Each structure stands twice: as structure tokens, then as C-alpha cells.
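Two complexes, one shared chain (chain A), two partners (chain B, chain C).
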Partner chain A sequence: MAASFSRGGRESALLRVLWTAVKILATVALTFLGLLVVTFLIGRVVPVDPVLAVIGDRAPQSVYDRVYVELGLDRPLYEQFWIYLQKVLAGDFGESFLTKRAIVDDIARVFPATLELATVGILIGTCFGIPLGVWAAVRQGRLADQFVRVFGLIGYSAPIFWLGLLALLAFYARLHWVAGPGRIDIAFEYSITPKTGLLLLDSAMQGKWDVFANVFSHIILPAALLGYYSMAYISRMTRSFMLNELAQEYVTTARVKGVPEWRIIWIHALRNAAVPLVTVVALSYANLLEGSVLTETVFAWPGLGQYLTNSLQNSDMNAVLGGTLVIGAIFVGLNLLSDLLYNLLDPRVRRQA
Partner chain B sequence: MTSLLTIEDLRITFPSRQGPSEVVRGVSFTLGRERLGIVGESGSGKSQTGRAILGLTPPPGKATARVLDFDGTDLRAASAATWRRLRGARMSMVMQDPKFSLNPVMTIGRQLMEALKFGASETRAEARTRALAMLEAVQIRDPERVFRAYPHELSGGMGQRAMIAMMLVAEPDLLIADEPTSALDVTVQVEVLRILDRLVSERGMGLLFISHDLRLVSSFCDRVLVMYAGRVVEELKASELTQAQHPYTRGLMNCLPKIEGGQRPLPTLERDAAWAR
Partner chain C sequence: MSAMTRHEWLLSDRPTSRRQARLGQAYRTWLSFRTNWLAMVGLGIVVALVLVALFANVIAPYDPVLGGDLRTERFLPPLTGNHLLGTDDLSRDIFSRIVHGSRLTLLVVVLVAVIATPIGLLVGTTAGYFGGWVDTVLMRITDIFLAFPRLILALAFVAALGPGIENAIIAIAITSWPPYARLARAETLTIRDSDFISAARLQGASSARILWGHVTPLCLSSVIIRVTLDMAGIILTAAGLGFLGLGAQPPQPEWGAMIAAGRRFLIDQWWVATMPGVAIFIVSLGFNLLGDGLRDVLDPKARK
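Let's turn to the complex of A and B:
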């Protein structure tokens, strides 16, 4: 740190960046290794016989023994883990017993659906949650504050499938404002070439705005629901971070300088509150990306949550472990991202990195 | 002397569970383009008096006064817009600890520029030049670096100089300094005070210097108000401090150690409930 402040200049700065990158990579690698150990052990501990899952329960003993050896189950545990590790690193999560396809392909099919839903959801949650939280903090104890609190509390405590069904009933069945369950109308299903798997992005890139409108009308209701859910959390945290910042001395300094109140709230205080908020938003996003099983079920959304539930119910262990790894990777990735944003937002952290 | 600030019967109350509690109880004084010190112990109401002049009594507190006049403007009825016009440009306040009073995620330069409400008459570049000149005036050797620095990159003394620069850059008529050196090292204190002293006398500003340090205030100010439990118990010329009449002021002076030794142990400060009445 001392060196970074001297005129030693470019070389030391470059070294520092490199060193930071190495540290981050090492952390990520270790985290993943831990994650793999856990998923591997889960796979060995659960009372699902992987051999029976492959051959069914009517195969003769000789077939059972052969597959047992083929799967490497006769070898010591550390050797099995080594093989598992190599396979995972090569992108091989095995095959689903249910769909008879590679897990990687399955996840590549279902994950974009969840990603798209979660992203629209978190955008809604953040765009409404942060201003509402700020508003509540500025009007602490007044009517606006109570309103935001109750509005958030409902989002927090009402069962999401119940809200989902009500929303479908109202906006789809009665008012016909939005499209119903599923990601896209069957009529449009094959009218765009899937590239990213994110239908909003695909249709926009191909300039098919009628498809885009249809996809949007499908996604808006479940996304708004997830958005409402994360908004409840984000607005509550924003309120408390803002109350903390508005009580700080630098806010008084700004007032003494004659800075207009809107600038004090939205620039001085919110810029400081944004630092812890990054983590809150990242965690909410991770939560949505896990695949919200209930929402995906209610809205017949072919996403990760539905896939994982199906796999679990059919004890399709490879699929479950693959999905778990993906979720773990999302958490690690988002944590990393929020760390980087922390660095960007808080000059005090920057020096220490 | 024309008076810049006239206060009569200033009262500040905060609601509490036992009913409203009055922390400032009928303070009156006038301030011209001079240096007026307010001394008193913690909770005597000296800081709240300073904040009330800027209209910054923290809610749910309420400040009322019979007269609260700043250079012809009745502050009691001031609108939000009037306050914004006055604050920064005509009156400002140096606060205690630069660690808390500077915004940690904004550069010093940005915070300094904010105090300059440059409009049509001045471009951003001109304002920047003015801000840098101000940093130089508070004896910062490398103004460009400090301009780009974040508060945590500065020492306490540097931070407080930057604070002073920020509060003086718009050339206000009245400066309130609320314990401006209490958070600093003793050696740095003297430097910062000297800078403050010079700038205030150069610009002919009115200064309200709030401190708990009687010796410091008397060496620095023309007049001293001694506050106790929300009231002014004595007003003195700084040069006549030794002739203080009020037992509280005398007590404050007696418990200061003298270099030639003498009394040991030092007498403790006596308080009389009657003074608070």
C-alpha cells in the first residue's frame, strides 16, 4: 500500500492489479473446489443407487456388477473424486437418466429461460425498490414510509404462488392485458432462431418485433411478481442504509454548503448507501437465478427451477448435481462481481485491494 | 459596529419521553465582524446554538427566538430557498472532525466545487482555479493532488484545512467554527487555528468560535460567552478573563493547571443547580 502511493508509478500499479487478479483467481478456484467436494459427497451420500438408476431394477446381478465397475464405484473415494473432477473440468456432468441427454445440454436449454426471467425481475425490483426505499427514508415515520413498509411487507410475506395465481386470474384471464403461462405463443415458437436462448434478446437482434412483443407479454407478469418479491427486500434495505447515511455529518456539511436537498439525497447519501446495496441486489439476483420453483410452476416456465424439481422427484442425481454446480457458480460469480463493484464504488476499498 | 447577527431569546427544545426538554434556554447576543467565542461543557447548548443559526437544528428539535436576524434577513421565517441562498454563500460552518464531515466517496475537489454556486458569470474552469487558489490559501502545498484526493487519503490536519477551504471558498460573511480543532493533534491544532485566524481577519468576516477550551477561546477571540445548561451565564472581553465574576467561569479557570505549579490536586469544577435557573 505504501508503495502504491509513491511516485513509483506504472510498474507498481500494474503489479498490484496482477497480484489482485491472482488472488481473486485463487479464491475462485478454491471456492469451486470446495463446491465440487460438496456436490460429489452429496452424490455419494444420498440413498439413490447410481447403478440401479442406470440399469433399472430388473437387470440381472451380472449386469449390475459390470455397470458398478464401469461407473468406477469399486475404486477408493479419492480416486472417484479425481475422475469426477476431471470430467467436470472437461464440461462433462454425465447424462440425465430422465431425458437421456447430456446434463450440459439440458442446462443450456433451461438456464436461459431462468436467466431471462430473473434478469427482468431484478431490473424491476431494483428500479422500484431503490427509489421507494429512498423515499421512505426521507419521509421517515410519515405516511409514505408506512405505505412503503406495508407494500413491502405484503411482497415479503404473501406466498408467491398465491400472488401468481391471483395475478394470472386478474391480468390474463379477466383483463387480457398479458399473455398466459409459458415463454412464448406456440404460433411464434419457431419463428426465431435461438442464439442466446434469451428470447427477448434473440427476437430484438433479429428485428422481429411482433415476437418480441409476444415474449414480453409472457414474461412481464412472472417477472413483475419476482420483481415485487425482491423489491420488498431491496426497498427495506435501501431505507435502512439511507437512514444511516442521512444521519452522517457529511450530510450536514453539504447542507451548510447550501447544496440542494435532492442532490444531498440522490448524490451524497445514495452514493454512499450504494456500497452495501450492491451486495443486497447481487444476492437477490442470485436468489432469482436459482430458479424460483413455485413461480416457474405456476407460470409453466421451462427454467432451471422446474428442471431441478423434476430431477429431484425422479432421483436423477446427475441432473441435480449439475444444477447445483450451476447455482454454486452463479453465487460465486455474483459475489465476485459485487466485490469488483465495491472496488469501483468505494475509494477506501480501492487502495487496499 | 454594525451587527451581522442579532439573536434574542433563542430557545431550542427537543421532545423526550418526559415531555419537551429545552437545551438552549433564552440565549441572546449580537455579533459584528468580530470574533466571538462560546465556551461551555458538553451539553451546555453551544453547538445547538451554532446549528440553529444555520437553520440546521436536527429534527425533531425545534428552535424559536424573539429575534433571529442575519444582516437584515429574518431567519425565523426563511424559506428553503432563502436558506439555500444564505448557506454556503453568506454563512457557513467548519465542523469538528474531517473524518466524518467530508463525504468519503467524493473527491475533495468535487466537494469544494459544490460550495461554489458558479453560474453564468463563471465557467467550470474558472471555478476550479478559484477552488485551487483556496486550497493554497489554507497552506496546502500540493493543491492539485489534494483536489483529486479522497478524504481518506488525507491526514486529519489536511482534511480540516480542506474543510476550512470548502467553507470559505464562497467568501461568506459569517463563519461558525464548531470545535474546529478538537479532533486534531495538538501540534496541528495551532497551525489550523493560525490559518483560520488569518483568513477570518483578512476577509473581515464574523466568526463564532465554539469550543470547550477556555484558554484557547480567550487567546483567539475578542469576546467570550460562557454557557452553562443552555444559558449564557457570563459575557466577557477576552482580555478581561481574569476578572470573571460568575462562579462557573471562575471554576473553569481555576481547574486549569498553571506552569509554575501550585495547587495539586487541581480543584474539581463545582456546579450549582441555582445557575441553571
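Let's turn to the complex of A and C:
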């Protein structure tokens, strides 16, 4: 009796997990569909005539009419959307007006640069943000707390492209501490064979440390800048999670038992705060994509952000919408990942699921 | 009555009229707001922004668009002659341009708030009040808009609509309403089943009347706090669009566009790009401080 009861309980728990997974997948699919509708509609309200973009404005009317039909513009809007949907799902975002190449290839080429920048950025942000947040929580209301708060507020308030320009002016032009705009000096450009597209990783794997040093001195400034912005957010959230944990009774118990204070803070409390922090870090990783558009423009970083703004300035709509869609998809993916990680890491949530 | 000072009248715990009670409540909020000096600094900055924008013609010593002598007055460093912050590549006084640029910044902030807040309130209260499939559909749409990073979506919209400050404002407004809708929905869910809503319904009030007259006012304060907290982000997004050449077009003295224009001369004439950035920084810091302070006073749950 008891055994069958528990088996029934386990089965229904499994069903519930499956049901949750189906619900999450349906939500994600709907959101992706929505992203597609938005980019499709944006593409349709563009004042640029898509036919003229293909054939130029000197082609005769007969060519215009033919291309008009070829592009499917004579069909009803929902049919056009259906075609667009099929193409995107097949990985076809169209051809770039500017580079005359498939947008997917263009994006695959520039993406590693953004990935590398954002990853170094989030590493910097996490490594500084969490200790700062813990420090602020432990010294709540004291000078250290105010310092961390103001330090973060400056990050929230300063335009990232302006700070980037100031950083270039100070550390590159005046102090010569770091290398300037770009990813790598031209002299080193072809000295490593691209494998992952992440230059730091490639040069380290091939043992070319002079290249590594050059790449590092290029990436450190923009990455530190992005890292500063995510640090502002991460430290603020860490502070509030830690304040929450430090007020719990198990902390008092540990103190009464005579556990050293550093152990209580860094082992007992921080471990419990770590679960929501994973979500925060994943979210700020997604936000770095947004910051990277402006940062890449300032630092001439050949990544997705620069590709997007270049296409924008040349009204290359296919490329703009392709880039927007990719960034939106990554954003949704990271949000989903942070949700899943939260469910995996928190035993309380896991038991309920 | 005459012996009572205004302070006592406002703080009276036996208000004799609805007006006195309301004013008293506002006065108490103000008193507690005033103790937060950082928030007061923020308020000061925002008030200063409004004043500068109103009296830009009086404050600015030069014309923001017409430059001086191109042979002798280009790139004057700060504090030369009458040019407090120096001049740019077209011999225009940077201080005057920043002062006039405050009008554009204020315009963006006010218009985005005026467009996005009602949309968010309408969508959120409707979704929360009716529930069911209305709720599901509206919240899915909201989630889709939240799924794009804000600047990227605004970029795509501006790309479609064409550059210009009006289109930048529309694009930012389109991307800012979803968080307000979420918030308004959450608030509505907590009050939807209250007795006073049932009472209003029993009296025959229409759904529109309940939404507008009873639900919306209660959602307003938390949404306003959120809007204030978002102002800094709105300013930064607008400046970012301007920096990318998609916002206000030259010769309009928009701060982000000014930084972009000064970028070419950064190494030798650092002040041209730096000064407008200082203005953006101060104003968005002001809104951040004000928003933090307002949240502390009006939303005791968030106080830590």
C-alpha cells in the first residue's frame, strides 16, 4: 500500500516535471515566433523600397515588376510571413546589401569577437562585483557600503560610449598602458591560425604568447568597461541577497557555535546567496550584448554590435533584422538558461518541481 | 485655528477635511524624503534641468547653432574669454549648446513618459483585471517586447522609421512600456478581488469605469516610481541613439550627437567630446538618485 502510494507520487512528480518542460518550451517557441513577427513587421514598414535596393533605380519597369514578384511582395502579408518564417528556420536571413554575402555567414564571422569581449567582461564583473557586494552587505550603512553604492550609481548613470572615449583618451592616448582600438595589431593579424575565433584562446593554445599579450592589451579596456557596468548590477544584487541571508537564524546559530566570522560570511551565507546570483550573472551576460553595441563602436571592435551599427548606417535592412533577431534569440536563450539553472541549483525549487 | 502653524495644521492627526488629510499625507512624505540628502541632490539636479531648459535663451550666452569666427574661434579650450566650456570645430560655444540641448533631453524624457506610461497602465490593468485569455495574450505580447534588449529594438525601429528625434522618441517609448505593464498587472491582481471593487461592480459601474476610476489610481504610485527610476535609462538610450547618428540630427545640440561629433578631435581637443558627456552623466545621476529616494519613501517594502 505504502509502496504503491510512493510510486504513484513519483510518477506524478515526473509528469509535473514534463508538464513544466512542455510549458517552458511552448513559451520559448511563442516568444521566438513573436520576435520573428516583430522583425518581419519592422522590415515591412521600412521606407526603403526593397526592390530598388536589389536592382538600383535605373532598371526598367519590366525588371522592377519581375523582381517585385520574385521577392514575393505581390502576395498577401501572411503568406510573406510564412515564407520569411521558413527561410529563417532554414538559417537563411537573406543577403547583405553591403557585403553581398549571406547574413548568416557574416554573423558567424563577427560573433566570436563579441563573445570573447562579453565573456572577459562578465568575468571581470563577477570577480569584482560579488566581493564588493558582500563587503557592502557586511558593512551595511557604513562608509564601505556608501562607497560601493556610489561606485555602482556612477556605473548606472554614465553613458558607456562616453566612458569608453575617456578611457581611450587616458589609458591609450596619454598613458600608453594599453593598445588602442581594434582586436589585434595588424602586425600580428595573420600570425595565428583561427580555430575557435576567440583570439585569446587561439593564441594561448598555439603557444604564441607575444600574440596573446597583444590581444590581451587590446581587449582589457573595453572588457573592463563592460565589466564595470555588469559589476554595478551584480554588486547591488549581491548586497541585497547577502543582507537577506545574514539576517537568517542559521547565521546566529553559527555565531553562537563560535564559527569564525569570515567562514560565516564566505562559506555559510554566500553559498545560499549563490543560487539567485547565478541568475543575476546570466542576466547581466545577456545585457552585455546590449552594451557591446555602443562599446564596439567606440573601440572599433569587429563584432556583432559594430556589424549592426554599420548596417544601420548604410540602411542594409536584411543585416539589421538578422542581427536583431540573433541578439534577441541569444537574449531569450540566456533568460531560459538562467531559469533552468535556478531550478537545478536550488534544492527547494527542485523538490517542488 | 489661527494659533496653529501651517506645520501643525498639516501634521494634525484629526484632519477636518479631505483636503487637509491629503495635504498632510503629502507633507509627511516630503518630510521623510527631505531627510535623504542624496535624494535631495537628485531632486535639485532634476529641478535644475527643468529650469535650464525653460530659460535656455536667457542662460546661454551664444547661439547654439550659429558658430563664431571660423578662423580665430575654433577649438578654444575651456575658460577662454566668454567660453566657459570652450568651443567646438565649428566655433560654437559648447556651454550654450549644452544648455539648449537640455531642452531636447527634457523633451525625450517627458514624451517617453507620457506615451509609455499610459500604454503600460492600460495593458497591465486590463490584463490583470480581466484575467483568463485576455491576460495570457497581453502578457505574451509584453514578454515578446521584453525579450529584446531595449537599445537593439530601438535601433531596429529607428532603422525602419528613419533617423530623427521624433522617431527616436517613438522607438524608445515602444520599448519602455512592457515593465510598466508587468508592474500594473501585478498591482491589479492584488486589488482585483477587494471588497470596494465588488461594491463598485454591484452599483453597476462598467469595467472601463472600474479600471480607470478605481484600479488605475492605485497602480499609479508604484508605476511612477518605476518610470522615475527608468528616466536615467531613457536618457542614456536616447544619448546612445544620438551617438550612433540615429537620434537628433545635426545641427541640433543633442548631447549624444555632440559626443559623436567631438570624437574625431578627442586626442587633441578633449573638451569637445567630454563636456556633453558630463551633462548626460549629471542628469542621469540626478534621476537615479531621485528615483531611489522616491522608492524609499513611497514603497516601504523595498527599503532595506
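Definition applied: the second predicted complex is superposed on the first by the 319 of 353 C-alpha atoms of A that agree within 3 Å, B and C clash if a C-alpha of one lies under 4 Å from a C-alpha of the other, contacts with A are read in each partner's own complex, and residues count from 1 in each chain.
Basically, contacts are C-beta pairs under 8 Å (C-beta built on N, C-alpha and C of every residue); 3 or more make two chains touch, one makes a residue touch a chain.
If you're wondering where the values come from, they're calculated on a predicted model, not measured in any experiment.
Legend: residue contacts after superposition of the two complexes on their common chain; A:253 is shown touching chain B, with no touch to chain C.
In the superposed pair of complexes, A:63 makes contact with neither chain B nor chain C.
Looking at the shared chain after the overlay, A:340 reaches neither chain B nor chain C. If you count the residues of chain A touched by chain B and by chain C, you find the higher number for C. In the superposition on chain A, A:157 contacts chain C only, with no contact to chain B.
When the shared chain is aligned, no partner comes close enough to touch A:85: not chain B, not chain C. In the superposed pair of complexes, A:24 makes contact with neither chain B nor chain C.
On chain A, the surface touched by chain B in one complex and the surface touched by chain C in the other have no residue in common.
Residues 27, 30-31, 34-35, 37-39, 42-43, 45-47, 153-154, 156-163, 165-166, 168-169, 173, 240, 243, 286-287, 289-290, 293-294, 297, 308-309, 312-313, 315, 317, 320-321, 324, 327-328, 331-332, 335 of chain A are the ones that touch chain C when the two sit in their complex. Those residues of chain C that touch chain A in the shared complex are 140-141, 143-145, 147-153, 155-162, 232, 236, 239-240, 243-246, 256, 259, 263, 266-267, 270, 273-274, 277, 280-281, 284-285, 288-289, 304.
Listed in rising order, the residues of chain B touching chain A in the complex are 51, 54, 56, 80, 83-89, 92-93, 95-97, 100-106, 111, 114-115, 117, 150, 152-153, 163, 166-167, 170.
Residues 5, 248-250, 252-261, 268, 271-272, 275, 345-348, 351 of chain A are the ones that touch chain B when the two sit in their complex.
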